[in-house]
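Accompanying notes for the structure given below.
First chain written, first letter: the chains are A, B, C and D, and each begins at residue 1.
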Amino acid sequence: MLAALIILPLLGAVVTWLIPSDRLRPIVLSVFAFGHLGITLRLLIATPPPSAGGWFNLDALGKIVLLSTSVLFFFCAIYSIGYLAYRLERSNRVLCMGLLICLSAASMVTITHHLGLLWVALETTTISMTPLIYFNRNARSIEATWKYLLICSVGVALALIGIYFLAYSTIVARVEPSLLLDDLIRDADKLSSGWVHAAFVFLLVGFGSKMGLAPLHTWKPDAYGESPGLVGAMLAGGLVNLAFLSLLRVYQLCLATREILFFQNALVVMGLISMLFAAIFMARQADFKRMLAYSSVEHVGIMAVALGLGGKAIFGALFHILANGLTKGVLFLSSGNIHRSYNSKSTDHVRGVLRRLPWSGGIFLAGFIAITGSPPFAPFISEFTVVSSAFIQGRAVVGALFLVSLGIIFIGMALTVLPMVMGEAPADSETTSYRDTIWTVAPPLALLVLVFVLGVWIPDPLMTLLRDASALLEVRQ
Amino acid sequence: MANSIIHIFLALVMPPLLLGVIAKTKAAFAGRVGAPFLQPYYDILRLLHKGSVFSTTTTWIFRAGPIVTLATTAVAAMLIPFGAHPSPFSFQGDMILYAYLFALGRFFTMAAALDTGSSFEGMGSAREATYSCLAEPTLFFALITLSRLSGSYSLSPMLVNISFGVWLNNGAALLMLVGGMFIILLAENCRIPFDDPTTHLELTMIHEVMVLDHSGPALAIIHYAAALKLFVLGAFFVHLALPYATGNPYLDWGLFIISMLELAVVIGIVESVMARLRLIRIPQLLVAATILAAFSTLLVIR
Amino acid sequence: MHSALQALPDPAILAITAALITGFSGIPGIFLRRPGAGQIIAAILTLLSALVGIPAALALLFAKSTATYILNWGLPFGSCELAIDPLSSFFLIPIFLVAAAGSLFALGYWPAAEHRSTECGLTFFYGILASSMAILVTARNGVFFLMVWEIMALSAYFLLVTEHESEGVRRAGIVYLIATHTGSAALYVLFSLLAAQSGSFLLPAAGSLSALPPAAMVIAVATFVGFGAKAGIMPFHIWLPSAHANAPSHVSAMMSGVMLKMGLYGIFRTLTFFHDPPLLWGAVLTVAGISSALLGIAFAVAQRDMKRLLACSSIENIGIITTGLGVAMMGVSSHNAPLAYLGMAGALLHILNHSFFKPLLFLGSGVIIHAAGTREMNLMGGLAKGMPRAALLFLVGSVAICGIPPLNGFVSEFLLYFGFFYQLQAPSLVYLVLLAPLLALVGGLAVVAFTKLYSSVFLGTPRSHGAAHPHEAGPAMLLPMGLFALLCLLVGLLPQQALRLVAPAITSFMPQMSTAVNAAEYGALLGRISLMALILIMLAAAVTLFWWWRLGSARVNSAPTWGCGYQRGTSRIQYGATSFSELAVSVFNGIIRQRITRPKLSGLFPGPADCDDRPTETVLENVIAPVFTFAGVSFAFLRRLQHGQMHVYMIYIFVTLFILMLWAH
Amino acid sequence: MITIADQFLVLVLLINFVVLGTSRLIFSIRAVAVQGVILGILPALIHPFSWHLVGIISMILITKGVVIPLLLNRAVRSAEIKREVEPFLGYVPTLLLGAVFTALSFGFAGKLPMLAEHQNYMFVPASIATLMTGFLILTTRRKAISQVLGYLILENGIFIFGLLLAEAMPIMVEAGALLDLLVGTFVMGIVINHISREFSSLDTSRLTSLKEE
C-alpha cells in the first residue's frame, strides 16, 4: 500500500508522457491525483505497520503532511483542467509530468524514516519543480528558475552535510552506524554532541532555505511570482510543508539528544525574523503574486516560532501545516485566475476584480481574510494557539513581536488586496477573454470551504491525529 | 398651600413690572420722565389683541418657539423658591432640571428663528447658541457651591439656606459667586452690556433679532416669557445677593418683592452707566464669570 | 407582566434561537432569483426574531437568573459555554430592536429593485452582523468570544463597503478594518492573559480574579485598547466618523446604535472579573470618557456632513457612558455604593437611550439623503415642508440626544449629574463633582450641534436644487423611526420604569454594591421628573390653546420673510450650517480644528471666488498618517535587501550558517 | 592505502586553487572533471572490494568525469564565451581567501572530535576546504557556468566527507544522492542553455530584473 503511494504517481508521469493530447493530459492528471488521494485516505484509516528495517513508517507527522499535500494536489489537478485548457499555446507535457513526479517524491518524504532517503526525495521534489517554474517561457521566469534551482540546491546540499555529520556522529560514538530516525533517537544520548550540534545547524540552514525562512528565502518571491498559479500553490502549500516535515524529524532527534533548547531558540529567532521580513516586504507590494510569496515566508515563520515555543504551540504548528497549505491553495489558484484575466500582476492595472471576476475576486478576498488569521477560518485557530501559548508560557516579548508583525502584515496585505478587488477596473487595464468558469472556480472554492470548516470544527479523527503527532514532539523527561 | 398660591400668583403677575422699573430707572438717569411702570403690561395686552403675520417660509416650528419658551420658563418658575419660601415643586436634583429647562426653551427659540430663513435671525441664533453654552458651566458651578454650602440637592433648601451667617463664613466664595451670577443674569436676559433690547440695529442684537418675524400674540408671549425668565433668574440671584429673612411669612413675601425691585433698579443703573460691549468681547466676559464661579466652588470644596 | 413572561418556554433558548434566525435571515435571498423577495423574507425573519427575542430578553432580565448552556464544538480551547445573565440580556434588547427596525427600513431605503448587485450581500451581512452581536453577549469562552467578535467586525466591514465604487467608501473601509484589527490584536493578548490567570479559556466568574498582579494591569490596558477601539473612545475613534458617514444609513444606525455598545459590553464584562479594582482604572475611564464626550461634541459642531456630525456625536455619547462607567468603578473601588449605583445606572440607561435616538437620527439621515441626494448640510434646507412627518420624528431625536427634558436623553444624564452632586457630601472623591460643569458644557455644545443639524436641514428655504423638491418617505422607512421616537418619549415620561429595566443589570454587575443602596429612592426621584415633564406638556398645551383662541379672534395673514433689505436676496444668503457654527468654532478654536482656505481677493472688483472650510481629523491626520509614512519610507529602505544579485543571496545563506555555528558553540 | 588517498586529496585541494585562479571556463570545467575522477577513485582506495562499490565508482566516474563536463562544454560553446571576465571579486583576492579558508579548515578539523583512525588523515579538512572553495566561486563569479562549477565543487566537498561513512550510507542512498546531483546539474545545464538563448550571454549579473525597488 505504501509502495502504491510512490508508484502510482510515477505511473501517471509515464502515462502523461505518452499521451499526445494537451487537452487530455490534465484529465489524466486529475484521475491519478484522485487515485493518490484515495490511497492516502485509505492509509490514514488503515495504517500499515512500519516496513522491515523501519525505512518506511507512516507516522502521525507524516500523515498530516501527506494529507494536506494530497488534498491540495487533487484540487490543483482539477484546476489544471480548466487552466491548461486556456493555456493551449504551449505543451503541458512537462508540467503534468513534473507535478506527478513531485507528488511521488513528496509521498516518499512523508513516509520514510531514513534521513538519507528523505534527503534524496526532497532534492527530487526541488528538481522536478524546476521546469514548472519555467512554464511561462520568458526572461523573468528563466531568471526565477535559475535562482530557485541554484539556491535550493545549495541549501539542500548543506542539509546533506548535516545528515553526513549525524552519520559520522554515530560512527564516532561507536554505535551501529545508521541514518534511521528511530535508531538515532534510540542512541541519541550516546552520540558525540559536537557533531550533533554542527549537524543541527547545517540541517536547520538547509531545510530552512528549502522552506524559505528569512534570510534564506530569497528565491521565493521570484519563483512564486513567475510560476503559474497552480505551481505556486504546490510550492507554497506542498513543498514548504515537506521541508517543514524534514525539520520536524530533526526536531524529534533534538528532543532525544537534549540539545533541544538551542534548536528551539534558533527556531524562534529565525521565525520572528522571517515574519518581520515578510511584514517589511509586504507593505506597499505592487505585485500580488510576490505578496503571496512573502506571505508564505511569514507563515513558515509562524510555524518555526510555534515549533520553537513548544508545549501547546506544537499543536498550532501542526494544524498550521494544514491550514496554511489549503489557504495558500485558495489564494494562488484564485490569483492565477486574476492574473490570466488581467494579464498583469501589477496592482496598478488590477482593480475592481469583484466586478470582472466576481467569484475569483470574492474567493481571493476571503482567502486574504483567512490567511491573515481572522475567524472563522482555519489559520485563526493555529495562530491564536501560538499567540496564547506564547503569553501563557510567559514569553510576552515573543508574543508581542509575533502580534506586531502580524499586524503590520495585515495592514500591508489589506492595502494591497482591498484596492485590488474593489472599485472599478482602470481604463488602461488589458481585457482578455478569460472569465470565471466552473473548472477554475470550483477548486479554490472547495479549498476555501475546507478552510472554513476546519476553522469552526475539527473532526475527531483529525483531532486525534494532531494529538498523536504533537505527542511525538513533546519534551519527555 | 397659601404660599404656593402666592408663589404662582407672583410668577404670573410680577415679571413685567421689573421691565417697567428698569425702564423707569434708565429714564431717570437720562433725565426723562419715562414710560409708566405698567407700560410692559400695556404692551403685552396690546400685542395680544393684534393680528399676526406669518412668513410663508415658516413651518409649525416657528409657532412652537414662543410656546415652548414660555412653558419651560414657567416650569422653571415653579422650581425656584421666592424669598424664604420653598417652591411649590421641590425635589432632590430639581436644580438639574431647572438648568436643562432653559436649554429646551433655547433649542426651540433658535429653531424658530432659523425657520424664517432670514439671515438676521440666523445671526441671532448663532450668537445665542454660542454664548449660552458658555454660560452653562457657570450656573452649574454656582449650583455646586450652593449645594455644598447647604448640604442638600434641591434648589429650595440650597437657596433658602443662604443667610448672613453663611455670608460671614464663606464671604469670599459667595462674593465671587454673586459676581459671576450677575454677569450670567445679564447675559441670559440679554441686557446691556451683552445686548440692547431697545436698539434698532439688528446686526448687533442677540435675542431681539431672533424674534424679529414674530408678531401679535406670539410677540406678546415672547415678551412675557422674557420677563418671566428675568424674574426667575433674578429670584435665584436675589437669594445670593440679598439673603434677608424675617421669621414672619408675610414680611418675607414683602421682602422678596422689595429685593426683586431693588434688583431691577440695579440692572437699570448698570444699563444706564455702561455701554454695550462689542460682540467679540462677550465670550471673554462670560469666561470671566465662569472663572469666578469656579473659584467659589473650589473655595468651598477644598 | 413578569409572570406572564416567565410562563414562556425557556426564554434563553428562545433568545438564542432568535439570534440564529436573524443570522440566517439573509441566506434565502442568495438563492432566490426574484429581486426583493430575499429582502422581504429577511425583514420578516428579523422582525419575527425581534418579537421572540425581546420578550425573552426581558424575561431573562427580570428573572435575575443566569442560564448556561454548553456548546459542543470541535476546537481545542476547552468547553464552549453560552450563558445569559441580566447584563447579557440587557444588551440583547437594543440588538434585536435595532436589527429589526433597520431591516424593515432597508425595504424602503435600499430596495432590491434599484440595487440589484449590492442588495443581496447587504442583507446577508446585515443578518450576520446582528446575530453575531447577539451571540457575542452570550459567549463565555474567550476564544469563541474572539471568533464571534471578529465575525462581527468583518461583517460590519463588508456592510460598510457596500458602495465600494467610491474612493471615499474604500478609504473609510480600510481605516475601519485596520483600526478594528489592531483592537483585535489587543484582545488576543487580553484573552491569552486571562487564560494564563484562570487556567482555562472560559471567562472567569465575576469577582474571581485579583487586580493586584502586574498581569492584571496589562489585562486592563489590553481591555481598554481592544474594546475602546471598537467603542470609539478617544483616541481610538479615528475610524468612526468616516465609517459611519459612508455606510448605508440603516447600517450606520446598526453600527452606532449597537456595535459601539459591544465594545462597552466588553469593558463591562472584563471589569466584572476582578474584585476590588484599583481606583486608577475608574479614574482612567472617567478621564477618557469625559474628554471623548467634550472633544467628540466639539468635532460634531464643526461638521458639514450630516452623517459625520451624527458619528461625532456618537463619540460624545460613548464618552458620556464611559464617564458613567468610570465613576461607577471609582465608586466600587472606594466602596461608595450610591456613586457606583448612580454611575452605573446612568451609563446603562444612556446605552439604552443612545440605542433609541441615534438609530432614529441615522435612519432619518437616510430619509434625508433620499430626499436631498446629498449629505452636505450647506446644500439642504426647507425639507420640513416636503416631509413633515420625517421632520417631526427627526426633531424628537435631536431634542432627545441633546439630553433635554422631557425626553429620554435627559434621564440618564440626570442620574449622572446626581451622582456627581452626591459626591459633595461623600467622604472622598469630592472633586468628581467638577465633572458636572464639564458635562453641562457638553450639553450646551450638543444643543449647538443639533440646532445646526436640524435647522440647516429642515428649516428655512432650500439652498440647492437637489433639496428643492423633497418627498415624504414611505411607511417602511417612517415606521421604524416612529417606533424609536415613541420609545424616546416613553422613557422620557416614565423614567422610573426605565430604571427598573436597568436595575437587574446593575445587580449582576456589582452584586455587593447594589444591595447597599435603596434603589426605590432614585425611582421616586425619577417619578418627580416624569411629573414635571407632564406639567411642562400641560402648560405648553394650555399656552397653545390660549394662543389659538387669540388667533381665532384676530386677523392672520402671511407674507414672505423680510429680506433684510437686500434687493435680490437669494436663499444662499441664509445662515447655512457652516455660518451657524462659525462663531462657536471661533470661540472654541483649538478644541475644534478647521482647515479654512480663504481666496485671495484683490482689486476694486474682485472676480468670483470661494472660501472653503472643513473640519480636520486631528488624530488621524497629525498622528497616524505620519507614522504610516515613516514606516513606508523605512521599509522601502530595507526592501533593498531583495536586490536580485544571486551571489549575494548565497552570502546570506553562508553568513546565516556561520552565525548559527558561532551561536551553537 | 589510505596514505595514497591523502596524496589524492592534496591533488583535490590543488585543483580547488586552479579553479579559483583561472579565468578560462573550458579549463576550469576540465579541472573540475579531473577532480570528479579523483573522487571517483578514492572509494576504491579506502573501502574493501565489493560489487556495489564497483557500481558506485563507475557511476561517479561516468557522471562527474564525463557527462557533466560534456553538458557544460555544450553550454559554453552555444553561448560562445571563453573566459570569466571581471568577476565580482578579483582572482588574486579570491586565491588569497581560498588559501585562508583552507588553512582555517585544517585548524578547525583539528578541533573536531574525530575517530581515532581518521585522526591523522585529511579527509575532513579537505572536504571543508573544498566546500569553502565552492562557496567562494559561487559568490564571486559572474558567469552562470562558473556558478555551476562552484556548486559542483561544493558537492565534491560533501562527497569527500561522505567517504568517511560508507558503512552508514547504504548503496541505495548513495546512488540516489549521486543521481540527484547528476539530474540537478543536468537541469542546470539545460537552464544555462536557455539563459544563453534568452540573454545571449551567461552573465548572471544580467539576471537581476526580479527585485524589490
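Throughout what follows, a residue touches a chain if its C-beta (ideal position, glycine included) is under 8 Å from a C-beta of that chain, and two chains touch if they have at least 3 such contacts.
Please read these numbers as outputs of a predicted model, since none were measured by experiment.
Any chain that touches chain B and also touches chain C would be listed here, but there is none. When chain centres are taken as C-alpha averages, the shortest distance to the whole-protein C-alpha average belongs to C. Seen from the C-alpha centroid of chain B, the farthest chain centroid is that of D.
In this assembly, the C-alpha centroid of chain A lies 79 Å from the C-alpha centroid of chain B. In whole angstrom, the spacing between the mean C-alpha positions of chain B and chain D is 101. Computed from the mean C-alpha positions, the centre of chain A lies at a distance of 44 Å from the centre of chain C. For the pair chain C and chain D, the distance between C-alpha centroids works out to 70 Å. Looking at chain A, residues 146-147, 150, 154, 221, 281 sit in touch with two or more other chains. Shared interface positions of chain C, i.e. residues touching 2 or more other chains, are given as 639, 642, 646, 650. Across the assembly, chain D contributes 138, 147, 204, 207-210, 212 as residues in contact with two or more other chains. Every pair of chains meeting the contact definition is listed here: A-C, A-D, B-C, C-D.
Chain C makes touch with chain B in their complex at residues 381-382, 384-385, 388, 391, 395, 399, 402-405, 410, 414, 417-418, 421-422, 424-425, 430-431, 433-434, 436-438, 440-441, 443-445, 447-448, 450-452, 454-456, 458-461, 525, 528-529, 531-532, 535-536, 539-540, 543-544, 547, 550-551, 554-564, 571, 573-575, 579-584, 587. Interface residues of chain A, counted against chain D in their complex, comprise 114, 116-117, 119-120, 123-124, 126-127, 130-131, 134, 139-140, 142-147, 149-150, 153-154, 157, 160-161, 164, 167-168, 170-172, 177-179, 192, 194-195, 221-222, 225-226, 281.
Residues 639-640, 642-648, 650-651, 654 of chain C touch chain D in their complex.
For chain C in complex with chain A, the residues that touch the partner chain are 73-76, 143, 146-148, 150-151, 154, 161, 164-165, 167, 170, 173-174, 177-178, 181-182, 185, 188-189, 191-193, 195-196, 201, 631-632, 635-636, 638-639, 641-642, 646, 649-650, 652-653, 656-657, 660-661, 663-665. Residues of chain A touching chain C in their complex: 146-147, 150-151, 154-155, 158, 197-198, 200-202, 204-205, 208-209, 215-216, 218-219, 221, 262, 266, 280-281, 283-284, 315, 354, 369, 372, 374-376, 380-381, 384-385, 387-388, 390-392, 394, 399-400, 403, 406-408, 410-411, 414-415, 418-419, 422-424, 456-460, 463.
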